[in-house]
Amino acid sequence: MSVRTPDPNPGWLPEFALDETRARVPILYVEAVPVRVDALGQVESIGILLRGSSTTGVMSRTLVSGRVMHGESVREALIRNLLKDLGPTAFPQLPASTVPFSVAEYFPLPGVTPLYDERQHAVALAYIVPVTGECNPRQDALELTWLTPEEAASPAVLDEMEGGRGSLLREALASVGALPR
Amino acid sequence: MSVRTPDPNPGWLPEFALDETRARVPILYVEAVPVRVDALGQVESIGILLRGSSTTGVMSRTLVSGRVMHGESVREALIRNLLKDLGPTAFPQLPASTVPFSVAEYFPLPGVTPLYDERQHAVALAYIVPVTGECNPRQDALELTWLTPEEAASPAVLDEMEGGRGSLLREALASVGALPR
Amino acid sequence: MSVRTPDPNPGWLPEFALDETRARVPILYVEAVPVRVDALGQVESIGILLRGSSTTGVMSRTLVSGRVMHGESVREALIRNLLKDLGPTAFPQLPASTVPFSVAEYFPLPGVTPLYDERQHAVALAYIVPVTGECNPRQDALELTWLTPEEAASPAVLDEMEGGRGSLLREALASVGALPR
Amino acid sequence: MSVRTPDPNPGWLPEFALDETRARVPILYVEAVPVRVDALGQVESIGILLRGSSTTGVMSRTLVSGRVMHGESVREALIRNLLKDLGPTAFPQLPASTVPFSVAEYFPLPGVTPLYDERQHAVALAYIVPVTGECNPRQDALELTWLTPEEAASPAVLDEMEGGRGSLLREALASVGALPR
């Protein structure tokens, strides 16, 4: 599927080129909500990433997320970012269809839309992804916690989600019939 | 999820009662297209059931299909019919959402709509279901064959599908970006 | 599309036959959330039906809802019930696809699932339907109120929804990116 | 919804900057399949754009398509491109949800994937959009023809679609239950 030239870092951009590009076009992302499902496919728990800032010490929560690189397919970007954030033994089950449950639009100014990203205008294709293996984030500052739908939808958790992703998380829960009252 | 009374044959109906009911209301079905997917979630092959008529000897092809019983949830009906048609070691991965890729409407007269079922007016919720295990249909007259998208979409196969399900199979392929030219 | 015989009351069932059928199979419904959208398609307000009980005087809220009759297509059932509940000048814009935003499962016992219907086991295909005309419910006891997403998602409204439909209404709002915090 | 600065040509890029950007990241597009629907929402005809090359005289067919500009929402990009290609009196009915029927991935090399775009790696969110008004493409070289599903799915038409969009058109037809045999 990929048409990448055999570049050692395909699609990668130096910082100045990425900054320049972010000022010109919306940047395409994929985003994934990792879930554990029971034998009937019903969502039992949701994997939320916990990130500690090394400078401020403030904790924030987020979803699996990353850019689609130049020459990379949406499926390739999805699996690459899942492996990056959940580790090589997560065994994510990618959806048979690339139609997302939501198209998440992030604008640079907070308050204009529920979702924002001060770095850029980003558009993310968001997917629910069941994982069956063990998850071990490879980055030191990252931890994965499994929450029940009730815990995930609690105001305490939603408010800690980066970039207003609490609204995206609620859409994810609603799309699988797991949004609690 | 189920609210079944502990009936030994829950939701089961004697033949006369089923016939009477079929003349009164549309009957709700679930239908599943079993697929094998690669590591990126892309559909590689499609499982089609081959049924030999014991009386006529004519072969026909079909999908996993069955009624939703009274008191049974859609997910329960889906797993029950998958196990019935694919055997206990198929390990189907039920979707996290019960939204189908298509609502298939079968009317009793062939020719009026692409889909028909001479026994009844039936409405089926149709799902793509990846299976990871070994499939062994439990009924003697049934055999499962794995076809590539190209084979599955060939006129020879589509024409053999029971009740006009060739059109439903093509919708299934299109919904996962696997409909060949 | 319909294959109805020219019955004066097609699909209609006498009370005893309907009761008998309800004890045998899940009954198929369609359900619609009428919405007003702006020029960009964004949902601005949601039409909720207000029903006053003639005997108890208690008010309850509900969505457009009705059975799919024998021989009737899902689209025909949808337009018939929209016209019944919103009147002949509502001008509903039926979706191009019959794939619902949710499959709503109602069981007879409250508390088992969020949705319940004491009369029966019902399965409803639920759709968002923009309406552009004037809505005048034909039944005396029925009134339509247009609520903003914020009003519709308020606990006061959600709690008044019949059969636990507050959860379905929240799924509807989430599916169009209009679920407020 | 927009967070555009009051730039006279918001999101517009000079040719050299666009070329540079196209070599760095996938470019986000929206794509629309204009349709006429009957009172039940069923698709009756599909609007295909016919483009005559001024230099070669060769005719090609395409869908409504255009970039999502920096600072522009998906809905804004959709309406802007619909008005650009269909004229101001088309009265497109934008979908209530921004979830596309397909995520169309175009790579620069023909043959690698069904869809290709020699200028760039592009990812398009594709929507079915009913239009109720009169369509008059504003560009001289463009003409809109309304085809039945049977005509649109004919090999002659599919083969003339730019960038392999015949496969996307077939997915569009399948998603609304209008893909003919």
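Labels for the chains are A, B, C and D, by order of writing; each one numbers its residues from 1.
Note that a contact is a pair of C-beta atoms (placed from the backbone, for glycine too) under 8 Å apart; a residue touches a chain by one contact, two chains touch by 3 or more.
If you're wondering where the values come from, they're calculated on a predicted model, not measured in any experiment.
Asker: On C-alpha atoms alone, could you tell me the rotation angle mapping chain B onto chain C? Nearest 5 degrees is fine.
Answerer: Nearest-5 rotation angle for the superposition: 180 degrees.
Asker: Check A-C against A-D and say which one is joined by more contacting C-beta pairs.
Answerer: A-D
Asker: Could you put a whole-Å number on the gap between the CA centroids of chain A and chain D?
Answerer: Spacing between the chain centres: roughly 28 Å.
Asker: Counting in whole Å, what is the centre-to-centre distance of chain A and chain B, each centre being its mean C-alpha position?
Answerer: About 33 Å separates the centre of chain A from that of chain B.
Asker: Once you find the CA centre of chain A and the CA centre of chain C, what distance in Å lies between them?
Answerer: Taking the mean C-alpha position of each chain, the two centres sit 34 Å apart.
Asker: Among all residues of chain C, which ones touch two or more of the remaining chains?
Answerer: 1, 73, 98-99, 101-102, 175, 177
Asker: Mind pulling up the chain D residues that touch chain B in the complex?
Answerer: Residues in contact with chain B: 102, 114, 158, 166-167, 170-171, 174-175, 177, 179, 181.
Asker: What does chain B use to touch chain A in their complex?
Answerer: Spelled out, the residues of chain B in touch with chain A are 1, 35, 37, 39-43, 73, 75-76, 78-79, 93-99, 101, 128, 130, 175-177.
Asker: In the complex of these two chains, what residues of chain B are touching chain C?
Answerer: Touch residues, chain B against chain C: 1, 3, 11, 13, 17-18, 21, 23-28, 67-74, 98-103, 105, 107-109, 112-113, 121, 123, 125.
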